[in-house]
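Below is a structure I'd like to ask you about.
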Amino acid sequence: MKKGSGLKGFVLALTASLVLAGCGSNNNEAGSSTSSSAPASSAAASSPAASGGTVKVGILHSLSGTMSISEVTVKNSELMAIKEINAKGGVLGKQIEAVVEDGASDWPTFAEKARKLLSEDKVATVFGGWTSSSRKAMLPVFEELNGLLWYPVQYEGLESSPNIFYTGATTNQQIIPSVDFLLEKGKKKVFLLGSDYVFPRTANKIIKAQLAAKGGETVAEEYTPLGHTDYTTIIAKIKEAKPDVVYNTLNGDSNVAFFKQLKDAGISSADLMTISVSVAEEEVKGIGPEYLTGHLVAWDYYQTTDTPENKVFVENFKKEYGADSVTSDPMEAGYVAVYLWAAAAEKAGSFEVDKVREAAKGIEFNAPEGKVTIDGENQHIYKTVRIGEIKADGQIVELWNSGGPVKPDPYLKTYDWAKGLSDQ
Amino acid sequence: MEIWFSQIFNGLSVSSILLLIALGLAITFGLMRVINMAHGEFIMIGAYGAYMTQQIFKSTLPKSLFDAYFPVAILVSFVIAFAIGYLLEVTLIRFLYGRPLDSLLATWGVGLMLQQLARSIFGAPNVAVASPSWLNGGLTVFSGVVLPYKRLFIIALVALCLIGMYLYIYRSNAGRRMRAVMQNREMAACLGISTRRVDSFTFAIGSGIAGIAGCALTLIGPIGPSIGTYYIVDAFMVVVLGGVGKLLGTVAGALGIGVFNTLFEWWSDASLGKVLVFLCIVAFLQWKPMGMFAVRTRSLD
Amino acid sequence: MLSSSILPRRVWLLLGYAFAAAALFSAPLYLNDFRLNLLAKCLAFAIVALGLDLLWGYTGILSLGHGVFFGLGAYAMAMHLKLVSSGSRMPDFMDWMGLTKLPWFWEPFKSFAFAAFMGIVIPAGLALVLGFFTFRNRIRGVYFTILTQALVIITVTLFVGQQAYTGGTNGLTGFTKMFGYSLKSGTAKTMVYLATVVVLILAFLLCRYLVKSRFGKVLRAIRDGENRTRFLGYDPSSYQMTAFAVSAGLAGIAGMLFVLHVGIISPTMMAIVPSIEMVLLVAIGGRGTLVGAVIGAVIMTQAKSELSASYPDFWLFFLGALFIVVTVFLPGGIVGLVRQLRQTIIRRRSVNEINLNPVVPESNGVI
Amino acid sequence: MKSTSILSCQKVTVSFDGFKAVQEMSLELAAGELRFLIGPNGAGKTTMLDAICGKVKPASGGVVFHGRKGTVDVTRRKEHEIAELGIGRKFQTPSIFTGLTVEENLEIAMAQNRGVWSTLRAKMKKSDQERIDTELELIGLGDKKLLRAGLLSHGEKQWLEIGMMLLQEPEILLLDEPVAGMTDKETDKTGELLQEIVRKRTVVVVEHDMEFVRNFASKVTVMHEGKLLKEGTMDEVQRDDRVAEVYLGRKRRDYDVISSTA
């Protein structure tokens, strides 16, 4: 053994003790209810820390990394809702204290942070997630520790966990009505274009079944890798296939490249209509409205949605985050989630997860998008579907709506043609 | 027929973009052997340069002059990227010559910081750059085949950059000094060339060209803090495939990847196309480990 | 450091190791659920770091593709867990993607032994194949590093694209059982944690044996002068392939453990950013020293968890700065820094005591 | 008198991108011989060594090695195989492993099975340790065996490398300018070491230092522009006009200067 080993041993011991001591002390702060040899489910969040005059809630979005573009805005609207509720006296007489954590666009980090929020901060509930992957990563943690997650983004459905409330649209509140809308308008030949990940693939599977059942036609189905920026070949394929409409499930930056290059190829919305389900006000701003004018989108909420609640929401939001800021569907869904939780807690008279979940069933709330109701069975919410057209000023104007809130159906059980898509 | 024609054009167009993003790297990596992982971030800097120029034109100049912003933006992007590149060389890169793997890690760190800086200044969401109206539309060759002006413009811009670089490197005194330093640092220093200045200047030029690429890319792609990450690996592939240290190799590499990518994407789909292209590159390097145009040396290691 | 003159260094070293091992083994007694989980994650990364160090610190080959090997190991274990958790049914995502039958290559993963075996063999085998084609053709240094990035892109794109077989971007998740026990129970977690500690110690001992053996000396010789070893009669490519395969195998093992702790694996974990962050673990701790790799992994994973939450903006600046500072000013990482301090102390002391001990062997990276 | 040939190079031609560094060069080595290879800069001496040890592949011609392991044409073999057959090479600049200690350098250079599997299980045998210790004494680095080789002086590095070559036990040793850049004292010591080496094996030395060459009464081969110019004893070579002319590219008068210093 050469010299220096002793020192190395010393460093080793020091590091080990520092790191572990760090952990230990943190543990003490957090309350050692997780005592000695049984570090298990007794640590569950079933006894939320509603100590003193405050109640803790977790906010878990990607504040760094690729997804932060989208998720930061949702975090902002959730914080605004908390501020509003606190100003009105809080929930059950307690002020809400938000514990904000960063999921860092990394799914295992979401799981790690969810665990921290539940077992260390002992929050009453968590608002968070954007991608399905992050939700799927958090789900086992919430089920294991019996926590409560409010997930605010439209997604591909086929899920319903007792520990999650879904305030974004499921497929039958966005995709299916929009395809019906297209068919009604006589757009029967559909070109499916999406980023290569779970939501577009699942959505397109549903669309194909729906088109086949209702006399439409899928002329092609194309996927591009996430972050793909050259769409010339795809556009050549679109020209070749001569569809009536392009159903666009591209994500994020790919939308920018696609719409710019589509316009360059001499194709405007008058020549070929596209309908997008991942382009909201925020994205329109980043693409540039001149590339999008006349194209369609499908959501449940727009900044222009005409309800008294929305006027207040948009006004407050601009006051809080600047006149330039826009509001969009996921932001609104995050905002609504906070209010729904507060209402459920009030109704339950407690912050305990089981009681809140029980009380949440059937709760109604006049949201900026109109009246929403929590479905007691699958824990999604009733939402009004809206097809909108993008205008030159970057705003989206409603062309059509479903007339009233649509009952959520994540497994598409009520659609005959969807039999066999899911056996659950 | 039409499809073939337009696909050949698309292949060329993709190649030109690849070449544009790889040209700067051909200098910093090819000549200086610095694995500049922050190259993508210089592209991003160029893109934001275009955005800022546009904003200034919008707010200070009459609307009629707006279309003139783009040529100005190219210059601005080059200058900003050049300046930041110069700064980076002087403060960091000069410690890293001859340590390629370390330069890779350190510049990755630089890339992270530049991304975060852009996020702090411009915000995380994408920003929009309106393209000048004289670049809208396209050239109709025959019915059904439109060659967008923007694509033609980018091809022309690449050709211009290439000619400029060629003239600079192989036909100017400064270029001769640059090549002398890159080939034999000590000897060049003995001959009275300030190697420090040449190093800084060379690196800055490479960065500046990345800036031009970023500016041009605003015409067809997104502008956000993390756009550099989309281009960086492709850029390295182009340089490695072509053969490090050869400008001609970089051109050939870009053409090869661009054309094959377009073809594969046409025949299969975008994901599979990408996988196939990368597999082809790996296979090609088995055959010619030093790339298409190799520089032979006699040194031991 | 005065005490080191009272006790021989070897004793100090053993004491250090013993203390670290004791602290790790007793962690379930004083850490809560979240902290234990986090520590377990750190230790899994420490195993990758060991393998990367063997490859980079000792052989001089920088792989930016270890996320792939990590991921392959993780997927092997995740496939097993998914099958066990789904019981007799097909995994849910296959159902949704319209598969009617379990794909043939999923079948054998019902066996834990097979899955665990594959979790090592697939990454190691892939590394061997890739190494065969690159090292034998003398593709090395930077070229190799860039090729590993190509490997990452190919693998990630394939895993994302083959959603019916891999779960796509969502990856594999929703594991509930293992060996018939619920993974959620406290005992199961403690057991998995302890298993990780044991595996880490075994991996450490393995690496230690490798670097101390003559094999390890040849690796370092290859790092210093690949062609020179060739003229001594060694075939560097077979050594490089072996080091690469062992390193990939370790990454695979780490991936398997990671899945057990975190409960999810998705293609993003295999991408370029996690791969580079794995390298940073080694760089921070100190390349070329095994303890450094472990220390780097533990400290960095903890720091990321603490700092990224409180200061998300600052975190990326910090991470970027760390890359720069470590590579430019502290190539030896934390261990190197400590060594420098020690040299300074020794020098100062030897001046005072007119220490005539002529040769202070510069520690050369062997633990 | 002619002893058995151990290496015969037949009309070896090496070209780099069209430039012929070595042209139809033939060289015959007898077992146990010490041969000096001299010639002006760019004569192709180093390239000739490169061709023998496999660093470059000849465009044409053959290099046949009659070693212990049979007769082999090494031109189609890989470097490490050639080294294993028994041809050792020392490069002009000291190329030792700077990150290893002096002792470790010797340990891996030592003649042994060089497969991955054997080095994994290799134990330092008592006999091996003794060989290494003997060698350390011979090259005068006994008290520095635990020092990192990168910290040695230039001369010490050269000796270490010679020590490594000796432990490698090649049948033919190719040395490229072993005394370049050394002080007089170091040169002397290197000379002694070489005498030691020559006793046991065939050696080819590329050298510029005439005085050094003169110390060894042995055969000299002169190369010029990639070709064989003259072969013979030092005296024969010195008397040769053509050699005088090409050496430094000058006429007789300059050559006198050389021979006087030599």
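Things worth noting here:
By letter and in written order, the chains are A, B, C and D; residue numbering begins at 1 in each of them.
Note that in this section contacts are C-beta pairs under 8 Å (C-beta built on N, C-alpha and C of every residue); 3 or more make two chains touch, one makes a residue touch a chain.
Owing to the predicted nature of the structure, the values given are computational and were not obtained by experimental measurement.
Shared contact partners of chain A and chain B are C. Steps from chain A to chain C, minimised over paths through touching chains, total 1. Chain centres here are Cα averages; for chain B and chain D they lie 47 Å apart. Separation between the centroids of chain A and chain D, computed from CA atoms only, is 71 Å. If each chain is reduced to the centroid of its CA atoms, chain C and chain D end up 43 Å from each other. Measuring from the averaged C-alpha position of chain B to that of chain C gives a distance of 34 Å. Annotation for chain D: residues touching 2 or more other chains are 91, 95, 146. Chain A has residues 2, 68, 196, 223, 225 in contact with two or more other chains. Contact with two or more other chains is made by residues 157, 160-161, 225, 227-228, 313, 316, 361 of chain C. Looking at the complex, you find that chain B touches chain C at residues 33, 35, 92, 95-96, 100-106, 108-113, 115-116, 119-120, 233, 236-237, 240, 271-272, 274-275, 278-279, 281-282, 285-286, 289, 300-301.
On the chain C side of its complex with chain A, the touching residues are 1, 4, 7-17, 19-20, 23-24, 27-39, 41, 92, 95-98, 157, 160-161, 163, 167-171, 173-176, 184-187, 189-190, 258, 262-264, 266, 268-269, 274, 289, 291, 295, 298-299, 302, 305, 308-309, 312-313, 315-316, 334-335, 338-339, 342, 360-361, 363, 366-367. Contacts from chain C toward chain B in the complex involve residues 62, 133, 137-139, 141-143, 145-147, 149-151, 153-154, 157-158, 160-161, 225-228, 272, 276, 279-280, 283, 313, 316-317, 319-324, 326-328, 331. Of all residues in chain C, those touching chain D in their complex are 210, 213-215, 217-218, 220-221, 223-225, 227-236, 238-239, 242, 358-359, 361-362, 364-365.
Within the complex, the chain B residues that touch chain A are 3, 6-7, 10, 13-14, 17, 119, 124-131, 136-138, 144, 146, 148-151, 219-224, 226-227, 229-231, 262, 265-266, 269-271, 273-274.
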